[in-house]
Amino acid sequence: MSNIRTDLALETHEYFTESAQNLDGVTVYDKSIKDIEITHVEIKTEDAASKMGKPIGNYITLSTPDLRYIDKKLYERIVRKIADEINQLITDDIEKPILVVGLGNRAITSDSLGPEVVDRLVITRHMFKHAPEILSDDFASVCAIAPGVLGITGIETEEIITSVCKKIDPSVVIVVDALAARSIERITNTIQICDTGISPGAGVGNNRKEISQKTLGIPVIAIGVPTVVDAITITEDTLELLYCDLGEKLPIDDLLHSENISKEILNFSTTPKEIDILIKKCAEVVANGINFALHDNITFEDIDILVN
Amino acid sequence: MSNIRTDLALETHEYFTESAQNLDGVTVYDKSIKDIEITHVEIKTEDAASKMGKPIGNYITLSTPDLRYIDKKLYERIVRKIADEINQLITDDIEKPILVVGLGNRAITSDSLGPEVVDRLVITRHMFKHAPEILSDDFASVCAIAPGVLGITGIETEEIITSVCKKIDPSVVIVVDALAARSIERITNTIQICDTGISPGAGVGNNRKEISQKTLGIPVIAIGVPTVVDAITITEDTLELLYCDLGEKLPIDDLLHSENISKEILNFSTTPKEIDILIKKCAEVVANGINFALHDNITFEDIDILVN
Amino acid sequence: MSNIRTDLALETHEYFTESAQNLDGVTVYDKSIKDIEITHVEIKTEDAASKMGKPIGNYITLSTPDLRYIDKKLYERIVRKIADEINQLITDDIEKPILVVGLGNRAITSDSLGPEVVDRLVITRHMFKHAPEILSDDFASVCAIAPGVLGITGIETEEIITSVCKKIDPSVVIVVDALAARSIERITNTIQICDTGISPGAGVGNNRKEISQKTLGIPVIAIGVPTVVDAITITEDTLELLYCDLGEKLPIDDLLHSENISKEILNFSTTPKEIDILIKKCAEVVANGINFALHDNITFEDIDILVN
Amino acid sequence: MSNIRTDLALETHEYFTESAQNLDGVTVYDKSIKDIEITHVEIKTEDAASKMGKPIGNYITLSTPDLRYIDKKLYERIVRKIADEINQLITDDIEKPILVVGLGNRAITSDSLGPEVVDRLVITRHMFKHAPEILSDDFASVCAIAPGVLGITGIETEEIITSVCKKIDPSVVIVVDALAARSIERITNTIQICDTGISPGAGVGNNRKEISQKTLGIPVIAIGVPTVVDAITITEDTLELLYCDLGEKLPIDDLLHSENISKEILNFSTTPKEIDILIKKCAEVVANGINFALHDNITFEDIDILVN
């Protein structure tokens, strides 16, 4: 199992399907629309959860064309679709503020998605407190933090989130994180939205603690985008293509458990060399997905003026 | 009073002295050493505190030559002097972690001193938790946050600090902030260290809430460096020089209360055009001052390796 | 004269007008349209040029509301108006490439306008060379450099421009630069477009050499935006407001020539503390003005896709 | 040959050696000293040059431990060793300025090595011109440019360098560039110094034109550091480790020429996720190597004060 090395439920599911393994308790719906592939993976039983290495819950994956080259119409459709999917996972009434948490390290480009998203959100909680008259009823009360990473703060991210939640008592927490994927082609153009929060050990930093309804006592929606691929999975990925010709399967599982492999190589994560640009484009799409999900009738122009 | 427009106790004191006003209850010691002017302003009575617009307590001000052009010896002496002064204000035993808080907005250069300092600290709390064997007894348990600003997070800085303090229960909180000064010449080469925390309305953002032992229940040391000057004080500053010739005093106080003055001008803050470089140099000096204060026997080489 | 301290012809003209001085040989047209003040200053005679301290030629100044808070319609109108004014100064047929030069120091926020504009241009010269079939006839051949500043490169900007011009033989050179203004209110919302190139000593770095048709042998259009104000002019600016009440005029000219003034203060340039955001907004507007001027029928969507 | 995919002569040589192929006309010296592996590859004949895919000349490779964790002594030894190797390749008398060229795209972290090095150089040419009295005889006349990349400027880097060389007539050109390597472990801790300039198609951007004594008419020293690895070589790298157990060799060459392989994967370059920090450390080491090579008796303290 450990060699799957992906935070995407979709890829884990593909792995099982490809290897023709039984996966009772997992349902997959295809909800794709023109130019946006949408897959809904629902993990329904403890048994399936244990096999998949992911908690029971809903995992929606949107796959888009390269965000650098899409036109405005498609851009808007992607943003609205992300908003829809977020809203379908928010089942309770939102009476209290919503807290968005941007996980990751701002100084490591591939791990900076969370903080970059926070920078682009329409934040309103303070206006509701200090000048409620300037906001129409369409706006929700939104606040956000980018708590940094353990190596920089010395504090577990989860400790900061728990304590801030106690103070501001949000209705729901939306956690944004950079993920690892198996396939290079998914980097920054696949967005996973789930209602199970953050699993231990997921994410680019690889030392995330669980952040979920179980640990916070509040519904947690996690939005993740793959920004790195492990060196080992690049190998597998390329090999798969290479070996189509030969018609034979490599004994990858055996190889991965061979004693001989340098630990260092196994832990090497890589990122496309254009990651700086890709992260910015992607952060904008995810942030606007959240802005459209939370604030009714907001326009791109409102966002332009409200976000600096 | 409001027209003094400085966060530096030293400048407030100078203002009173220059205008020959009575300031009973304030003691000023000169502790200067070669190339580093050090002044200790102690506010002792409620009456003096009210006049000065600053709480009872100790305010130490170090003034250095332009940090861009000092040699290594002077650099080290400044760092060690900052460390000394911090340690003299930490009166209690430090048994629990120390929390450093970098106030300000990372995206506004002149307000980014706090976050830039946090990036350069030797952070150890997580190592004491997860791998205590790798740290010698010389190291203190240090953690840090850069909570962002109200306009970006929608949460009062003070709310975040209070809630994180509740969780991690520090012995002392060190708050680092960018300040406003009266005099352009002080920008990034004056460092104020005080034991009274952050006063309401101080700082570059101008909407700080009080962060002090009174609000947190824990000793708070504030380290501030001026990075902006109000347009109005640049005016005063220049005028003072200009009018030496004429031997007459401008009716500045009257002028400032004249109806005719555009609010906008009064609220304009300015910063030297080289602020990007100045902030980085200054953040390094302050961070190393804190590193030397908290970790016994640490060397510049340790810091180089421990901070990335 | 030296105490006017502005790179804007408009402000120099205002200075003369205010002091009721004769300025034969200068014509001023008001071409303002809704929400955009447009002034055309034409300096026609050597005598006027010498008085104004600026060469004979056309200086168009657009003043806009704060770019952070304008709506999309006004944004588009500003961009198209800048494009119009640029095109009116390009009198020759454009058969050969156009070279845009972004002056200034990328590492000093207030001096980074030029390089930031270059980053946002639709660059096509290499495509015309290597893959002409992918570009429609609407596109011009555009190339750009950001040559850096003397202190970083050790080479006069003018030396780099001259030598690159020799190599690529452009039809016209457009130079973009950060300027100094007299009035804080103009920072990043006034755009000056002129056909006289860059005057010696202008700009934020204060050590520009002349870059003009005279030195390059090619028409030079200069686009400048004020990003700094000298401390001394902030003083004057504030004083002017302050003294309205008193009904008397300060002897500023006398004061400025008094022996007593610290040189350091006189050379202090300041910038608003929000300069990071202001520069980015402004660079986008100027770059798009150039994009619309040079490429026929280009759309904002084209720009989005062509610029990364 | 094309599947070697490395800009390092050392790796090309290893490839031939491993596959036990004849390489007459190439001499390899080991000049390693404590903690720094130094290899000198000399390509002597046209035949060898053609086999190696690299011009006749000298290629010195320094391999260091991870630059993030070295102590000050080793840091200084690495810097001085780089300086020595540069100086051994500068055979002519230096009477005229030295031009350093930082290739690459500042906005793509993995391609930003060249511009980052330029930012850290001690630049003196302008001082020799304008204030020669302030520099001792120990200083050389050094200038530098970071000409940007074709996609941003629309001008071939080689066009800019040629024209600037014509203007300033340097004694020698030092070109700094980010390279591609075969092995992940080499990223940012291997430095190649050669006297053959830049080969066509080398570097991270993959579209470099030749920059050499042949094209410029001036000696060209190239300093390159690998910052990316092609996905395909990560595959090979990992496979090699994996297959040690199995004792068999994969038919990689066959595979790479199979029709079935997606072009996209083959062109994917990756970079370690910590690339932001690695590049900065490495740029500092390379820049100081150049500073020590060119300026006699310079100290780290001089550099600290002269570089901002």
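Think of it as A, B, C and D in the order they're written, each chain with its own count starting at 1.
The definition used in the following text is that a residue touches a chain if its C-beta (ideal position, glycine included) is under 8 Å from a C-beta of that chain, and two chains touch if they have at least 3 such contacts.
The structure displayed is predicted, hence computed values, not measured ones.
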Original post:
Shared interface numbers for chain C and chain D above half of all numbers used, same, or below, different?
Top reply: same
Subject >> Interface copy of A-C among B-C, B-D or A-D, judged by whether over half of the contact pairs recur >> reply: B-D
Subject >> Chain whose average C-alpha position is farthest from chain C's own >> reply: A
Original post:
Can you give the whole-Å distance between the Cα centres of chain A and chain D?
Top reply: 37
Subject >> Mean-CA-position distance for chain B and chain A (Å) >> reply: 38
Original post:
Whole-Å distance, chain B centre to chain D centre, using C-alpha means?
Top reply: 43
Original post:
Residue numbers in chain B touching 2 or more other chains?
Top reply: 107, 277
Subject >> In the complex, chain A residues that touch chain B >> reply: 97, 106-107, 118-119, 123-127, 141-148, 150-156, 159-160, 162-164, 166-168
Original post:
For the complex, which residues does chain B have touching chain D?
Top reply: 68-72, 277, 301, 304-305, 308
Subject >> chain D contact footprint on chain A (complex, rising order) >> reply: 107-111, 184-185, 204, 228-229, 231-232, 234-235, 237-239, 241-246, 255-256, 258-262, 264-265, 268-277
